[in-house]
Structures are given as C-alpha cells and as structure tokens.
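Pasting the structures in now, so scroll down.
In the two complexes below, subunit A is the common chain; its partner is subunit B in one and subunit C in the other.
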Partner chain A sequence: MTVVITGLGTVSPAGVGTDGYWDAVSEGRSLIAPIPDFDTDGFHVRLCGKVPGFDPHQHIEGRYVVQTDAFSWFAMVAADEALRDSGLDTGTDPYATGVLICSCAGGVEFGQHEIAALWSGGPDHVGPYQSIAWFYAASTGQISIRNGLKGMCGVLVTDEPGMLDALGQSEGALRRGTSAMLVGGSEAPLGSPFSLACQAGADVLSAGDDPSSAYLPFTERASGYVPAEGAAVAVAEDAATARARGARIRAVVAGHASTFGGVGAFDPGGAGLLHAARGAMDRAGIGPDDVDVVFADAVGTPKADADEAAMLRELFPGGVPVTAPKAGFGRAYAGAGALDVAAAVLSLEHQVIPPTPQVSDAPCGLDLVVRVPRVAPLRTALVLSRGLGGGNSAVVLRHPDHA
Partner chain B sequence: MKREAVVTGIGVVAPGAIGATAFWDLLTAGRTATRHVTLFDATTFRSRIAAEVDFDPAEHGLDEEQAARMDRYVQFAAVAAAEALADSAPPLAEVPPWRVGVSMGTAVGGTTRLERDYVEMSQEGADWVVDRSAASPHLYRALTPSVLSGEIAELVGARGPVRTVSTGCTSGLDAVGYAAQAIEDDLADVVVTGAAESPISPIAMACFDAIKATSDSNDDPARASRPFDRDRNGFVMGEGAAVLVLEEASIARRRGARIRCRVAGFANHGNAFHMTGLRREGEEMARAVTTALDRARRSATDVDYVNAHGSGTVQNDRHETDAVKRSLGEHARRVPVSSIKSMVGHSLGAIGSIELAACVLAMDTGVVPPTANLSAPDPECDLDYVPVTAREHRTDVALSVGSGFGGFQSAVVLDRGE
Partner chain C sequence: MSNHITIEELVELMSTCAGVRTDVGTAVTSTFEDLGVDSLGVLGVVSVIERRLGRKLGADAEAVPSPAALVALVNDGAPVSTERV
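Let's look at the complex of A and B:
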C-alpha cells in the first residue's frame, strides 16, 4: 500500500485555485492585510490573511450556500478543484470514495449570527440550518452529499495538523477497501469577532499593524502569528489504483506520524515534533540525508520557534533547507497544515523551494530559504505541524519519480 | 499475527448514573433519566426536557483549577476516563508513552462555554463586535474540541496519536472504531477512547427546536423518549461521557488483564443524501453493518444483540429498522434490538460510546437492556425491541449502530474474540 496524491485544490489568501496559490507562494508575495470587516482594537490583532473577493455563489449552488458557513464553502470549492484535477470517476461506485475534512473552529461565523438571534430574539429566531452549519462535520457531510460520495466519511479535529493526520488516516481507509479519499483542512475564523476573541485568548496572535513585520517566524522580532483563512483538499489513492486508471500522480505520501505534546503550548521542548518527524521518516524508509526541504510549522512565537529550530538542528545535523510560506499569508488553523501540504506538493513538482516571505535572515542556525525562491533538485519534502491542542504531526512527501 | 484491539476497562458518566455499575443498574431497571431541563431556564423553548447528569466535579476528584479549565463535557470525559483507567489498570509503565494514544469523540464540543461567554461579551447578543475583556480566561480552549482528547492525554500520560473525532452523532462510535484501527495498524498499543458531550444549552436546544427534531412532550418528561413507539415525537437531548481502554490483545493477555471484549469490526459511510434526512431503505447503514461484520469475520446470524441508534424520530426508527433487516436478513427478526436513548436520552456525539459501554456490560452480565416507554410499537417497526423490561440473554457478538447529521452511518461489532 502506497498512498499517492492525484488531485489538489486550494482556496487561500491568494484566491481560488492552486495555480494562483503557487504563483504567490513561489514568489514569496505578502498577502497579509488589515482585518476588513470590523474594528479589532479590543482584540490585540489587526492583520489577517483573508481570501480576497470570495463570492460563494460563483462556485457553489445556492441551496448549499445558504445552509453552510464559509469554512464549508472553502472546503467545497477546494474539493471541486481536487476532484477535477484527479480525473476520478466517482459516479460508478459511490462507496469507492470517502471524505475527511478537518476543521478547528467549525462554522463559527454562522454560529455567532444564530446565537445572537437566539439571545436577542428568542428560540424561534434560530434558523433551521444552525444544526448543520456550525458543527465541525458540516464540510465532510456537504461534500459527501454534493458529490455523491458514500465511502468512509470522517472528521478529525487535531488543529493545524488536521490534513497531515487525514493523510495518515487515509492509508487506513484505503487499506480497508476504500478506493479514494478526499482529505483536507478548511477554516474560516476571521469573519466573526467572537471567533477572533477566542483565538486572542491564547496570547499567540501578532498584534502588529505592519503587514511586512507582523509575522516573522524564526526571527528575533517574532511576536506571534497572523490568523488566516483558507482550505486545501487532496485526493489520496493507492498508487496501484491510481496507476491502473492512468492518473497523474502528483506526490507520494511516504510516511506520517503524530504525537502529543501537551495542551496549550505547541510542544514545549520539541521532543514530540521530533518524534513525529522521525516516525514519519522511518515509515517512509528514509534518513535525514534524503530530505531536501522542510516545510516548518513556524508558529512565530519565540518559544515555539526556538523549539522547532532546535528540533530541526538535532534531526538534521548536516543542515537542510527550511521554509515557511505561511509567513506570507498567515496561519489558517486546520487550513494551515493543508496549505503546507499543497505547497510541498507544488514545490516538488516545480523543483523550487518557495521562500519564507517577509523574513530577511534567520539567526536561529537554520538554512531558512528567504527573499527569493531556491531552485534545487527536490525528491523529498518533510511537512511539520503543531496545534495548540497538543498535536504534532509530520508527513513525508516524495516526488513520484523518486519514491 | 494480526493485531487486535480488546477492551480492558470502561467508565461511564450518564444521566441518572455516574459510574458503570450505577449506569447498568439504571438501564437494566428500565429507569428513565429524562426530566425537565434544570441547567438553564428553558421556559420559552419548544422542547423543555432533557436527560441531565447531576454532576459535582469536586465530588469526582476534579480540583478547582481543573473544574475552571475544563468545559463540562471535558469534565465528564475526565471522570469517565479515571474510572476506565482504574478498571483496566493498563500497563502504562511498560508501554512507551509514544505508543499510547487517545481518540475521543464529540459533536458540538465546547458549545456550552462558548455560548455562556458570548452572552457576557455581547450584552446578550446585542453587540456583534464582542467585548473581549469580558471573556473567561479559558475561552480559547472552548473553540476547538481538540482540547477534549488533549486533556485526556494529559490525564493518561499519552504521547502517541491523540485525536478528537467529530462526526456529529456518530462521533462516539467512530472514535472507538478509529482507536481500534490505530491498534490494528500498529500506530499504538494502548488507546484511551470514548466520547463526551454537554449540549444542554440554549443554542444547542434551540437549533433542534428549529427543525422539530426533539420531543415536546413537556408534560411527561419521564416517558418522552419513546423509540420505535407509535406515539414518539422526537429525541430527548442528553449529555454524558463514556471511555473505554483499548489494548493490543497480546499485551492484555500477557499481563493477565480482564479482557471484556474485542472491538472486532468497524465501518462508517456517508449517505450522500441529506444533512438531516434519511432515505427509508437504510442502504448505507446496512452497508456499514455488513462491512463491520466482514471485518470482524462474523456473519449476520452471529449477532446476538443490536444496540440501536433508536433516537425516537419517526424517520430514524423506520430507516434503522429497514437497515437492520437489510443487513441481517431473516436473523433481524430473531435478534433483540434495543435503544438506551429511551432512558438516558440522546447525548449527540457521546451517545455512541455510552452505547458501546452498554454493549460491553450486556456481554459481561448476560442481560440486554430494554427500550423503555415502548408500549405500542409503530407498525412500521416490527423487530424485537425488548420493550420496557430488561431480558436475560447471552451476548457473544454485539452490534451497535449510529446515524448522524451530515449523513454519517456507523457500525461497531464487539465480540469475545476468536
């Protein structure tokens, strides 16, 4: 059993679609901008990475738009692109394809509207879609329904690592007979002031108001991250199934592992992330010398960055190129790990390491790719992710010609 | 050698009964824990009844800091986990922490705290831009239910794969199913698994009011949850938690642990039909049952007891009855099928794990719990639902099924191993 990615879709602060995402990421463009919808003075956060000009009606049938939150819109649109890209025939056997879309915050903006209606108007002011729009399973359910997919349908809530864990979970599902898994992470945590207030409570958001310096992971000026929204969805299949149908294999998911590092602190000391990285590499059957690039978690707080840098120095005594494209658009919670996986797949395809935007130097003993993209022969990428809930995950992705 | 997951301990926090023993006493007595809502003032609500847990965190060993930090559903899980760990005494000293995982389900997570803080921060819903200074210090832990599995991992000392599963009302089955698969797939040797929910809050009650999914038998709360009965009119909200300790079978055998049962098979599907509606035929649930039995290497006729989803909505009860017939064939008419939601209500994401705990106890004791309040069956529901009174009946193979918003259909098979 070898899990491969045969389709990819993204909705990101670069807009809808992986082409635009890769253009922005590979150029290291900054997509960070002020939070547009309301005054955030009381929240100690001013900037975000928002999907620009997103109109769900351009992409999704009205009956789905009305009953869902933006986090499900992003997931549905990314899933459409991934399915198209994969060329998968989902019509012959509906049970052949499953869905697993992760989220941390669910339909929180939809939920805030409905709770406001309840408390200002009474129970009969709550609409019929609250029961299906807010909960964390909304995106998986809607994608299953909209695309007629009856395979293994699940939802994991493991914060930023969600997509990495979904890729790991997809191996179990494929081994048990599902032919393809639509896996991803999606988040829309910016439109609701209440959601931002929840995020602000953890004291990890950047309070900066200058888009060029608000989110500077691995630097001495690191002061938290900029929150973002977005989604990435991939189609995962067994390599043999994919080859048999003549699919284009975009990347091989060579190994995954996850560990726990404690609630509320991004794996203090880095031992959990290190163990996850080693586990994923062991399962991939590779050593440190085989890794050509690391997509770092890059929380952007001094402690979390120092822990990750130390863990990378220990794992790669000979050094390794490290990058964090999310510094250009922010950290999209369950969308963050997903967009990193997408960036890594695109990086392997283009044989280009995208730079860490905004950051000009990295005094932390890492070979951080900064300023300009780096052209390099890339066979293997390691993607790392941590969540505030304690999850640490790692995925090894390999170029299909070198897996 | 194929790796297998066995259950070596259980813990339950259920309405009307904290602890597995009290829980089983309640179920086998056919007692109902449904009553008028006391957790908030439900006067203006359509459904004003629920199955509540009378719960004092201090009485169950949680200190003040824990009680303040953990949302109510996490507190339930912590208490159930402590009971399950004491029951199992898993060999945590011998298994490296990297090989100990946690898999916990919840449908709506920290809704209760989110709403309570929101009300404070928004002047009861008046202000869209909330006042952050009015938030409780633990608010950030309420947004994301990863904290549920994280808190249990801290309690256990787990450092392996730790995940929260949130597939609506099948979360409690899926969490345990995934936990067993993690052991089968050699990702962990011990997994503490289960589910928790505390949804008896205004917004959660209101959203089911809005679609009339809940019972409005407000004058007769003790008899309001009536799965498969002609006079049923929706589900009754519940709350609670159950936790199971799963171990790789050879480890449990080697240490001489009391092996309660094996998690033999699990499958879940989407119905790809409707977020809340069900097709009468129950094809997808039937498929989940058949696949779970296949994975357990069991046939339909091996099933001794079916723990039903039995929520007490007309569409569920008929859908499920047809799914059981479709998957078990003629055997469906011989096997006892019961719904404990008639007694402890429907605790959304938690109930699947609570029902699995009931299956374990049914296997342990040779008794199957009844479907309370079933006095006049719906003519469309024509299986043996064990009405009103518990029954002595040996169970070697138990099947538990669940169905949830989003179209999720899940099945878990428990047995005594091969």
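Let's look at the complex of A and C:
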C-alpha cells in the first residue's frame, strides 16, 4: 500500500483556505500580532498568530457552532476544504471514509466560559454542550456527524507531531478497509486567559512584544516561540484507490516514524528526533542525499534549536536546505505539524522552498532558507516535529512524479 | 416573573441554546428531531426555562418530543406525550 494525499484544507493565521496560506508562506509574510481578545496583563506573552476575522457562522451551520469550541470550528472548515479538494464521494458509502483529527488542549475557551457560568451563576447555568465541546475528540466527532462519515474514527491527543502520526496511522486504517481518511490537527489556544495560562507555565513562550523579533528560531536572539492557532486537514487514500477514481495525487506519504522520550521538554539532545527521522527515511527507502528540503520543528529556544541543528548536521553531513515557515505565524500545537505538512505538500507542488520569515541570516551551520523563497527541484521533503511531552515524529513526503 | 412561556420565546431559545433557527409556524408542527435540535439542545432549552420560571419541570421535560409539547408541559403541566406530532 502507498498512502497518498488527495486533498488539503487549512485555516491559519493567513485566513481560511490553502491558497492564501501558500501565498503568505511562500512570500515569508509575517502574520504575528498582539493577542487581541483579552487583556494580557499578568502574562509574559503578548504576541500570537491568530486566524484573522474568523466568523464561524460564515462557514458552519448554527447548530454545530453553538455546541463546539473554536478548535472544532477550524477543523470542520479545514475538513470541508480538504473534502472539496479531494473530489471524494462520501455519500455512496458512509463507511468508506474515516476521521482522525489531533488535538493538544481540546476546547479550553469553551470550557472557560462554562466555568465562569458555574462560578457566577451556579451549576444550573452551565450549558449541556460543555459535556462534549471541550473534549479532544470533539473535532473528529463533529466532522463525522456533519459529513455522515462512519469509517474508522479516532483522535490523537498530542502536541505538535499529531498530524505526522495521524498520517502514519492512516495506513493502518486504510489497510483495515476504510477507503479514505480525513486526518489533521487543530488548535485554538488563544481565545481565553485560561488557555494561555495552560501554556505559560512551560517557559517556552516568547515574551517579546515586537512581531519582527519575537520568534527567531535558530538565531542567537531566539527566546521562545509565539503561540498560534489554526488547523490543517488532509485526505489520505491508498494510491491505487485514488488513481482508480481519477483523483489528483498531491503528495505521497513515503515514510513515518515516531519516538517518545517521556520527558517534559523538547527532546533533550535530539536523539529521539534523529531516530524518528532515520526511521521515516528507512521506511521511505531513501538516504540523506534524496532529501531536498527539511521542514524543521524550530521551537525557537536556544537549547531545542541547538539540538535540532546538531541532529540535522549529523543526519545530513553533506548539508540540506532547511526551512521553518511557522516563524512567520507561530506554533499552533496540534495544528502546527498539520500546517507544516500542508506547507511541505505545497512546496513540492510549486517546486519552491518557502523562507523562514523574520530570520535574516542562516545560522548554526544550517542551510536555512531565509529572506526569499528558493526555487529548486523538489522531489522529497522531510517534516520534523517535537512535542513538549516528549513525542518526536518525522514524515517523508514525495512528489507524486518521483515517488 | 411569568409562569408561562410562549412559542415565540421557545423559538428564540432554540436559536440561542441549540443554534437552530426556525419560525413559529414550523416550530408548532415539528418535533425537535425534525428541527435538528438534539437531546443536549433540548436539555439546554429546558434548563434556561427552569431558571426563568424559578421552578423545576421534572425529569420528563427533557424527553418531550416537540416544541408544542414542551410549551404544553410548562404552561398546563400537560403529561408528556411520547408520540410524534
């Protein structure tokens, strides 16, 4: 079996839609701005990558809007675009299509509203949808219900590597008889003080208040990352199934591997991420010389960056172009790996490596693509991701003409 | 405080609590299921009505099948019909 991506959808700090996301990413546009929805006094974080002007009622029926948190809105909208893009017929056999959307924090903003109702009004002021809206599996469930998708469904509760692992797991679901999997990651961690407080304790967020310098991964001025929100969803199918229905194959998922360090830090030393990258490349049957671009994890703390840079130098002794588009908008937790996968697919399609925004020089001995997009023949991309809880994942994506 | 609700108020509550917009004419001839108000949506509507009235409607209130039956239960204490309208 060869897993391929036949549809993509994104909701990102560039707005709703994959075309706009690629425009912003390929230009290296900065989308970082002050946290707009509440007073950040008392927090050491000021900036974020927010989905601009998002009105769920423009995209989703009211009865789904009232019972879901923003992280599920983003996932539903990204899933709509991915389904449209894939041209998949989900109506004939509802059991043919499954859903697996990753979440790191669940519906924290929704939960804060209901906790406020509990404390100010009492238990009978808490709405019944609190029972489902906060839950990590809410996005998967609502996409399944709203689109009538009854194939294998699940959720991975993960930090940023979720989407990479979902692509890896989709192979098992496709082998077991589901014809297509909607896989993705979605996060909305910026809408309330509670959600920000959940992130602030880890001491990895940037305290900067200048959008042009707050998130500078791989540089001497790296001081943490800017939190972001967003989602990306892909339609994954077996290549033979996709070809048989005449689908456009956007990328081949050639290999995936993950490791777990089990520590509350981004893979100290880099050995876990290195092992995951080697595993994904082995499964893809490729060596270092076959990789044309790496989408780096790019945490933006000096230690995590140094570990990733050292790991990349070890894995690619001959060098490799590296980029981190997320430096333009921040890290969206379970949405981050998903948006990176989307960027990698688009990069392969356009034969363009997007630059690492804000970063002006290539440091740390890396061939970091900076300032301007780099046109290059691209057959194979390696996407790397680490989670704060110790999960590390890598996925190899290949251009369909070169897989 | 009013001891009654009107169908108009219930139409408004279905919008705010369950995100379902409808009109009075449709509401009086439909079940909650027809309208797309799920069981948690009915629970939310009942909860708000109970707060407004300052009295509990009883466990059966959450099982009423339709807006018309819920209005009847609130205003007349009508026994809940499980038949579809």
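Here, the second predicted complex is superposed on the first by the 403 of 403 C-alpha atoms of A that agree within 3 Å, B and C clash if a C-alpha of one lies under 4 Å from a C-alpha of the other, contacts with A are read in each partner's own complex, and residues count from 1 in each chain.
Convention: contacts are C-beta pairs under 8 Å (C-beta built on N, C-alpha and C of every residue); 3 or more make two chains touch, one makes a residue touch a chain.
Keep in mind it's a predicted model, so treat the numbers as computed, not measured.
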Fit or clash - subunit C, subunit B, common subunit A: fit
Partner chain(s) touched by A:Val155 [first = subunit B, second = subunit C, both, neither]: first
Larger contact residue set on subunit A - subunit B or subunit C: B
Subunit B versus subunit C as contact partner of A:Ser12, first or second or both or neither: neither
Subunit C, subunit A and subunit B - angle at the middle CA centre, rounded to the nearest 10 degrees: 60
First (subunit B), second (subunit C), both or neither touched by A:Arg176: first
Contacts of A:Glu61 with subunit B and subunit C, given as first, second, both or neither: second
First (subunit B), second (subunit C), both or neither touched by A:Pro128: both
Distance of closest approach, subunit C and subunit B, by C-alpha atoms in Å: 5
Contact residues of subunit A, present in both the subunit B and the subunit C interface: 67, 124, 127-128, 131-132
Interfacial residue positions of subunit B with respect to subunit A in the complex: 44-46, 98, 102, 107-109, 114-115, 118-119, 121-122, 124-126, 128-133, 135, 137-147, 149-151, 153-154, 158-168, 174, 178, 181, 185, 202-203, 205-211, 213, 267-276, 284, 287, 291, 295, 404-408
Subunit C residues touching subunit A - in the complex, by the definition given at the top: 15-21, 36-38, 40-41, 43-44, 47, 50-51
Subunit A to subunit B touching residues, read off their complex: 38-39, 42-43, 67, 94-95, 98-99, 104-105, 108, 111-112, 114-120, 122-124, 126-128, 130-132, 134-138, 140-142, 144-145, 147-159, 165, 169, 171-172, 175-177, 193-195, 197-202, 257-264, 272, 275, 279, 333, 387-391
Interface residues, subunit A side, partner subunit C - complex: 61-67, 124-125, 127-129, 131-132
